[in-house]
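Two complexes are shown next, each including chain A; its partner changes from chain B in the first to chain C in the second.
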Partner chain A sequence: MKASSQGIGSDLPALKARYPEHFAASWTKRAAVVGVVTVLSGLFLFGFWRLDFSLDRILSGIGKLGTLVLLMLPPNPGSWAKFFTFIHALAETVAIAFLGTLLAALVAFPIGLVAARNTTVNRLVQFASRRLLDGIRGIDTLIWALLWINVVGLGPFAGVLAIMTSDIGTFGKLFSEAIEAADRKPVEGIISTGGTRLHQIRFGILPQVFPVIAGQVLYFFESNTRSGTIIGIVGAGGIGLHLAEQIRTLEWQAVSFLVLLILVMVAVIDALSARLRRAIIGRSQQPPM
Partner chain B sequence: MLVIEDLSRRFGQKTAVDRVSLTIERGSFVGVIGRSGAGKSTLLRLVNRLVDPSAGRIVYDGVDVTHLRGKSLRDWRARCAMIFQQFNLVGRLDVMTNVLMGRLSETSGQRSLLKLWSAQDKAMALSALEQFDMAGFAAQRTEQLSGGQQQRVAIARALVQQPDIILADEPIASLDPRNTRLVMDALAKINRDYGITVLCNLHSLDLARAYCDRLVGMSSGQVVFDGGPLDLTEDVSRRLYGLEAGDVLEIDHIENSRSSLPAAFAA
Partner chain C sequence: MATSLPRLTDDRLAALMQAYHDAVRAKRLRSMAFVCIVIGLMFLSGWVAQVDLFKLVANFGNFFSYFDRIMTFDSGPVAGQRVWTDPAEWFWGLRKWLILLADTILIGYLGTALGAIGAFLLCFSAAANLMPNPWLRSGVKRLFEFCRTVPEIVFALIFIIAFGLGPIPGVLAIALHTMGALGKLFAEVVENIDMKSVEGSVSTGASFSQTVRFAVLPQVLSNFASYTLLRFEINVRGASVMGFVGAGGIGQDLIEAIRKFYYADVSALLLLIILTVTVIDLGTERLRHALISREERP
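After this line comes the complex of A and B, so read on.
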């Protein structure tokens, strides 16, 4: 009965007869791939034609871009007074991003709990909170900014609210997914000792999801310093307002100075948050102090 | 005294526990044996109420605990501590906090959620850890410990619940032989020193014979054997594990592993 290893697979015809599906070339799959590629390239070309893509305009545009860049050199805020105004506005943008992200995380955590299968109150609440999160998420930060400006007026407060509302949706979804991915066994251990639902969440779920959630929040803070610039342009506070103003008054050297400031800020915050994220993940592998 | 009456649990078409009736005397060390899928885990989880029964009753000291809810259910769970095959500790928390989870039902909500444990609770946790030579690990992150160490932490957690019963669901199935003995000895010590009833699921007949004063054999959800370790004849174990007459190899294996046990261990 024992087959030597050289004998494995040697009765090709018999194996073919037993498992025909593994030997048949799957032409249908290949046709599907070819079809998808054709349709996608068709759409691509159609889009170019429909949106008036023209090589001429790109070439002449590049020329204009060249003159703009020359006008921007050297970067210069204009005066010390403007310099300090710009720095103040930059700090405001960072503050808007920080507060907005933190508030969003605080509001999103309880919603994430009820939206997660394993910690929700009941099916109906879970369904409702999921739809709510999807709805919030469907609206972009910029649109929220325009809405909040109408509600609370121009300024940084509208910016904080805009970032908070748009991120609640995404955070809620990410948090609920992290909670659903948490291991069930520690939670069961807590239940078996007579722990309440809150105990299960506090001791069974939270220690598991905290590093994940903290990493996500930091990442969003980083990206919100960038969206904080954009929403400033529509009047929700911060450095974007000044950027729009300098472009309108054709102060190109001030514009390039502002762009440089933003670049430096984004780089510094990226570096800081990357270090913090590494510290949080690293800490989860070392003994707690 | 724990009385289980006609207890059943169905999962869809499958009857995991089928009309089980048992009376477990206070202070006894009872082993539940049977091959995997026999319904041993479900039986223990029914007692702790991690799983709700489809039919039947669980009565402890004259009190029906089958339909308890809320605070009284949590109090019952605290009285019948559970030990799991996979330890079910919170790996990211330190050992001390894991043991203190055994005090949750005795601590007020706000204090426990903020980890404001009383000095007595901490003392209790440390002394429980000390009994199993684990006090030195109290500040360590639990997931860094070996399986045997984690299971001893789990036993310490069970002990600080000050339970009447300990339900151990294959506590040694993920452990090596040395840790197997440490953990089984820890359970035996708890049973002897504190008079806590132990109901322990076991895979290995040798361990069941060595540690238990009574064995309950399960097959397809039903109790098919109930007696002392000496009543467990070869014929019974053959039936329990569903071995056919042709499975001579397996029988040999079981007997070999029994005879290779050190005499002191088997005693």
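After this line comes the complex of A and C, so read on.
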């Protein structure tokens, strides 16, 4: 044991001479790493200075935050009437997320087909639909909510439309990527039997992309129940309206109760959609008949 | 050259068709039931969410007329003209807006950086393969879950009361939410590493931090960076609406313009935000592809 470790020890300089790259990174690599880290941390410090961070503001803020958290305990809606209002708002949030996601998927699917390289009509249409999707995605859900409130007035319907529009952009992109990643062989098989373009898409591509798309839709339903909680802040329905109101009126126990409600709702929906996803993916992985 | 394939006789074909229909009938029934349930849920949630298609159809013109209005000057000597006929008038506040936009990006950057640092420090404790203590592990996991479930705007609303108006609550809210989202992703990356190098370094007597540094980090760093870049893009978008509740950035001006009906300003600000987000989207996508290809190189 001792002899062998001594052996390696005596070989070490020779090994270092033979394989220098394994003992120390080359200086260009090191310089690149140091440069990137310097620039990033420089920007970090500049950001603190530019955005008026100061130690006493942070410390006093954390102190106040501690007091707020103490005020939040125990969670308490205040009264039974409020409790039922909150539950109704929660149902509204789930409905907004469900309907918004589903409608977005229905609208985005044809756009995704047109935006995918292998199923599009022509290059120009593909390019245009890609840019359209990019533009839609650039605008946050909250901004869409403000725009839709102009059309259908305050209320949850504006929220449904807002979630729908902002998700069309994301879904269109994801769907078209899933379609582009589909295997070409089934399509070739259908061409060889004389199938038309629509047959190719229906029997060659759809069965491949459907489980992927269903998984994505479920995932977005989950994430929309989270983002559905905030669109109420601008007046587009759901629990966010009450949450913002309780924060502004400093009803801290009701705030923590609402947060707790949201956590429970998200956990339940996560569990449900995980089961559903397993069912869908499991079915697609059954051996083909 | 032309060869015709022999066609099955009709009775044999009929038997095959029958078998096919039998095979797909059960599947079709199940799909129909599924579609019916989804449609039923749709109507139920349409009722809960007060969907009013008549109102939508009646007022749908408003949607386009809104875009029409934000594309037209409504005051001054150029009133009534399209905005792009006079870019200088359209982007009259460009200097101020660019500074606000830079602030917005900085809020996104600081929030992402702080959140990523937090997630980095905690993710190894949430990974099942590195952290043997189940209490600590599930504690960290619950913390991540809480942070990513509460939307950043809600954190911002609460932080505004604690820290006062301005970009600080925005940065902290984004950081906290990012820590939750990235922490989960980071922990999953760590759980998927190759354990051989970990065993190797443990066998040489390395401590926990040394194991992480020499056996885990080289495997996960490029994935971490890729997720962080993705998050940065999301956070810049999120920072653009932080101003809606008074947490700094360009959102403050945007919501003022929307609420006070400064139509030309709305379109100018929206255009600036879309451009910024698109540029950052394309830039981070490039960087991520470079990182991933570096990962795959032997």
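The definition used in the following text is that the second predicted complex is superposed on the first by the 252 of 289 C-alpha atoms of A that agree within 3 Å, B and C clash if a C-alpha of one lies under 4 Å from a C-alpha of the other, contacts with A are read in each partner's own complex, and residues count from 1 in each chain.
Heads up, the rule we're going with is that a contact is a pair of C-beta atoms (placed from the backbone, for glycine too) under 8 Å apart; a residue touches a chain by one contact, two chains touch by 3 or more.
It should be emphasised that the depicted structure is a prediction, and the values quoted were computed from it without experimental measurement.
The partner of chain A that touches more of its residues, comparing chain B with chain C, is C. In the superposed model, A:188 makes contact with chain B only, not with chain C. In the superposition on chain A, A:156 makes contact with chain C only, while chain B stays out of contact range. Touch criterion met: A:196 reaches chain B, while chain C stays clear of it.
Once the two complexes are laid over each other on the shared chain, residue contacts for A:204 go to chain B alone; chain C is not touched. By the touch criterion defined above, A:82 lies against neither chain B nor chain C after alignment on the C-alpha atoms of chain A. Of the two partner chains placed around the shared chain by superposition, chain C is the only one that A:138 touches, whereas chain B remains out of contact. No residue of chain A touches both chain B in one complex and chain C in the other. Those residues of chain A that touch chain B in the complex are listed here as 185-186, 188-196, 198-199, 202-204, 207-208, 284, 286-288. Residues of chain C touching chain A in their complex: 23, 38, 41-42, 44-46, 48-52, 55-56, 59-60, 62-63, 66, 103, 106-107, 109-110, 113, 145-146, 148-151, 153-154, 157-159, 161-164, 166-168, 171, 237-238, 240-241, 244-245, 248, 254-255, 258, 270, 273-275, 277-278, 281.
Listed in rising order, the residues of chain B touching chain A in the complex are 48, 50, 74-78, 81-82, 84, 86-94, 97, 101-102, 104-105, 109, 112-113, 139-141, 144, 154, 157, 161. Taken in their complex, chain A has these residues touching chain C: 40, 43-44, 46-48, 50-53, 57-58, 61-62, 64-65, 68, 91-92, 94-96, 98-99, 102, 134-135, 137-140, 142-143, 146-148, 150-153, 155-157, 159-161, 226-227, 229-230, 233-234, 237, 240, 243-244, 247-248, 250, 255, 259, 262-263, 266-267, 289.
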